[in-house]
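Same chain, two partners: subunit A is paired with subunit B first, then with subunit C.
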Partner chain A sequence: MSTNLIGHVLQYAGILIEACLVIYLARNPRRGQLAGVSLYLSCLLGTGLGRRLALSTYGWTSPQYSYVYWTTDFLLVIAAFLLVCHFFRRACLSQEKLWRFVRLLLCFSFILVAGISGVSFVGHYGGLSLPYVIEFSQDLYFTCLVLNTLLYLMLQQIGSVDDQLGLLVCGVGIQFAGPSATMALYHLTTGQRFSASLTSYMLPMCTLGMLMVWAYAVIHVSDRVNKVTPRRNPVLAEVTAD
Partner chain B sequence: MIAAVMILILSTALFFFYFQVTCQKLLGRQFDREYFQSIANANRLEFPSLRKSLEEFGAPVDYSRLRMMLRCDFLALTYLLKNAANVNQRYTYDERLLILYFRWQFLALGVRRLLKLGENTAVLRLTAVLQYFANVVGQRVNAVKFGNLTAADYLLNL
Partner chain C sequence: MKNLVVTLLLALLVVLTAVSVRRAVAGTSPSAGSPTLVAIGTDPVPPLLPPPPPKPQPQKPSN
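Right after this comes the complex of A and B.
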């Protein structure tokens, strides 16, 4: 079986699971709390279908498909950034002070990535067009991975018991880390055959992994409101009992 | 170039980190009671005693025997997961992920042995996966009524 065929099967499986999850979430009474997840899944689904349509209409090597691919990639990465922001908001629901700081950090990260990509692009190309969008997307993607890891560490630090959020964050981590690593490998090996085929497997597989984790989190894990359990210092009796 | 190498290392590390954390979260599921002991007794599985000996005495068993025990328990439990009181006769997606995690940890066990890093951590993780599988099987069997058959009788008749 060729690499392309397996890649296509994985992509179609991803689209199918995305559609099922979107429908499930739309019928879920707690859809308000999972609005960010629904939105991101809808973006993934729309993007997947749009790319399939462009591929069948214009063909793999056409400039139109390339334009559609990178435009949707840009939209996806913006949606991913907003999703991470949404998760941060959910984690800080009962901590307004922390949220104010996190909000600043998120705005600063976004401006920083846009600035770095802009400077890098102007140095190399001297204008604003598709290469800038690609560079910006890749930088923001990696930033989302770093922010997601910060969010995971923050959840551990504040002792969050929101298991559903924990699993959703882990799913996002798998989705961001796998493609980020394979894209870096692709750049380092200057697009050799091995890394090209690894990329075609890894991208849909990581998306599938994320969807499976999310499906488990949404369907099986009872979502509890983010309760912060303050760390309690042991009293003398407990210490001496040990 | 340097940035790409750094991104590659960091992203790969984070990928495995998230994979591990996700599996640990799945393994952290609470069951209404501990079913694994009856399943282990009915099928003569050895992971509970292995885990107990490691936790209490920290004493590693003969390595080749250890691998064989873990592998046999894994094969038995994955068979039961698929066939015991499972109407769909297939694994759920979380079970598939944990099967992948088991295989990865099994590989890690070999690597740790090779590098002389100590196998106890990997063995404890492997037994945790087996215990989870046994709990799932026990819960499923317990949920289905088979006349006067106990869970152990049911499994013996499979």
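Right after this comes the complex of A and C.
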């Protein structure tokens, strides 16, 4: 009973914060700079409402809810990948050569994830169905985790002073790294009951953590223009050289 | 051309790192023997559907 109650509270809290942020961003005069965040939050809100409807209609253990959940998760992971690409673009606003390099890297990464997931899936299951969607979204999820970490390191490397972007990237980091760390803990404790219940709460709590960091970044941190120090780092200069 | 190769190698490194991390932290559950999955959103994660049963092989007509 209490487990269900906590789950419902987390679910409704997520929907409420997402709705408030979407409304706030829609009324914000500088919403153009945060268009990617607005779109991602709208996706989160839409899928949250759809899942809530499927959950109340069919129930938690029904195959219908499972299909709705994993299909919408696939869409959310794609949206998250596009959001990370958008953050890379914002970080490279004044460095066109670096952006050309990063753009290629992102395209290759996406193609490779699709290929590796396909090879792994065909080897184990065969055919194109929901398991492939889950396999692909799981691989893309962890690719987003690695890319987001690279983005954070790149922001430190180029000396970006865009505090808002830094906080937005940290929020995405909570979303991706939190569940991964919880899964690692689950394995270290050999799947004990405590870590299993912790895992079920950590996924929604990491999303809530991301939303709260984003709320702080959007409301309290003034979105300064992305000023990059003119000093070129030798490593990046070598990579982006023609 | 050099840039293209470097980018491709870096992308391969990124994806292989991601797949390795996934295998390390969410490969197979020690208790149930099924893979543990990560997801986005505040909704409860549903249990995995069981894999579809194998199709029955057509029986050969006996002579």
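In this text, the second predicted complex is superposed on the first by the 213 of 242 C-alpha atoms of A that agree within 3 Å, B and C clash if a C-alpha of one lies under 4 Å from a C-alpha of the other, contacts with A are read in each partner's own complex, and residues count from 1 in each chain.
In the analysis below, a contact is a pair of C-beta atoms (placed from the backbone, for glycine too) under 8 Å apart; a residue touches a chain by one contact, two chains touch by 3 or more.
Computed from a predicted model, the values in this text were never measured in an experiment.
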First, second, both or neither for A:F194, with subunit B first and subunit C second: neither
Subunit B versus subunit C as contact partner of A:A80, first or second or both or neither: second
Partner chain in contact with A:F142 - subunit B first, subunit C second, else both or neither: both
Contacts of A:M212 with subunit B and subunit C, given as first, second, both or neither: first
First, second, both or neither for A:S180, with subunit B first and subunit C second: both
Which superposed partner A:W60 touches (first subunit B, second subunit C, both, neither): second
Which of subunit B and subunit C A:Y152 touches, first, second, both or neither: first
First, second, both or neither for A:R51, with subunit B first and subunit C second: second
When both partners are placed on the shared chain, which of subunit B and subunit C touches more of subunit A: C
Subunit C-contacting residues of subunit A that also contact subunit B: 142, 145, 180-181, 184, 187
Subunit B partner contacts - residues on subunit A that touch it in the complex: 142, 145, 149, 152, 163, 166-167, 170-171, 173-174, 176-178, 180-181, 184-185, 187-188, 206, 209, 212-213, 215-216, 220
For the subunit A and subunit C complex, residues of the former touching the latter: 7, 10-11, 13-15, 44, 47-48, 51-52, 55, 60-61, 63, 65-66, 69-70, 72-73, 76-77, 80, 101, 104-105, 108-109, 112-113, 116, 125, 130-131, 134, 138-139, 141-143, 145-147, 150, 175, 179-181, 183-184, 186-187, 190-191, 196, 199-200, 203-204, 207-208, 239, 242
Residue ranges of subunit C touching subunit A (in the complex, touch as defined): 3-4, 6-8, 10-12, 14-15, 17-19, 21-22, 24-27, 29-32, 36-49, 51
Footprint of subunit A on subunit B - complex, ascending: 1, 4-5, 7-8, 11-12, 14-15, 17-19, 21-22, 25-26, 93-94, 96-97
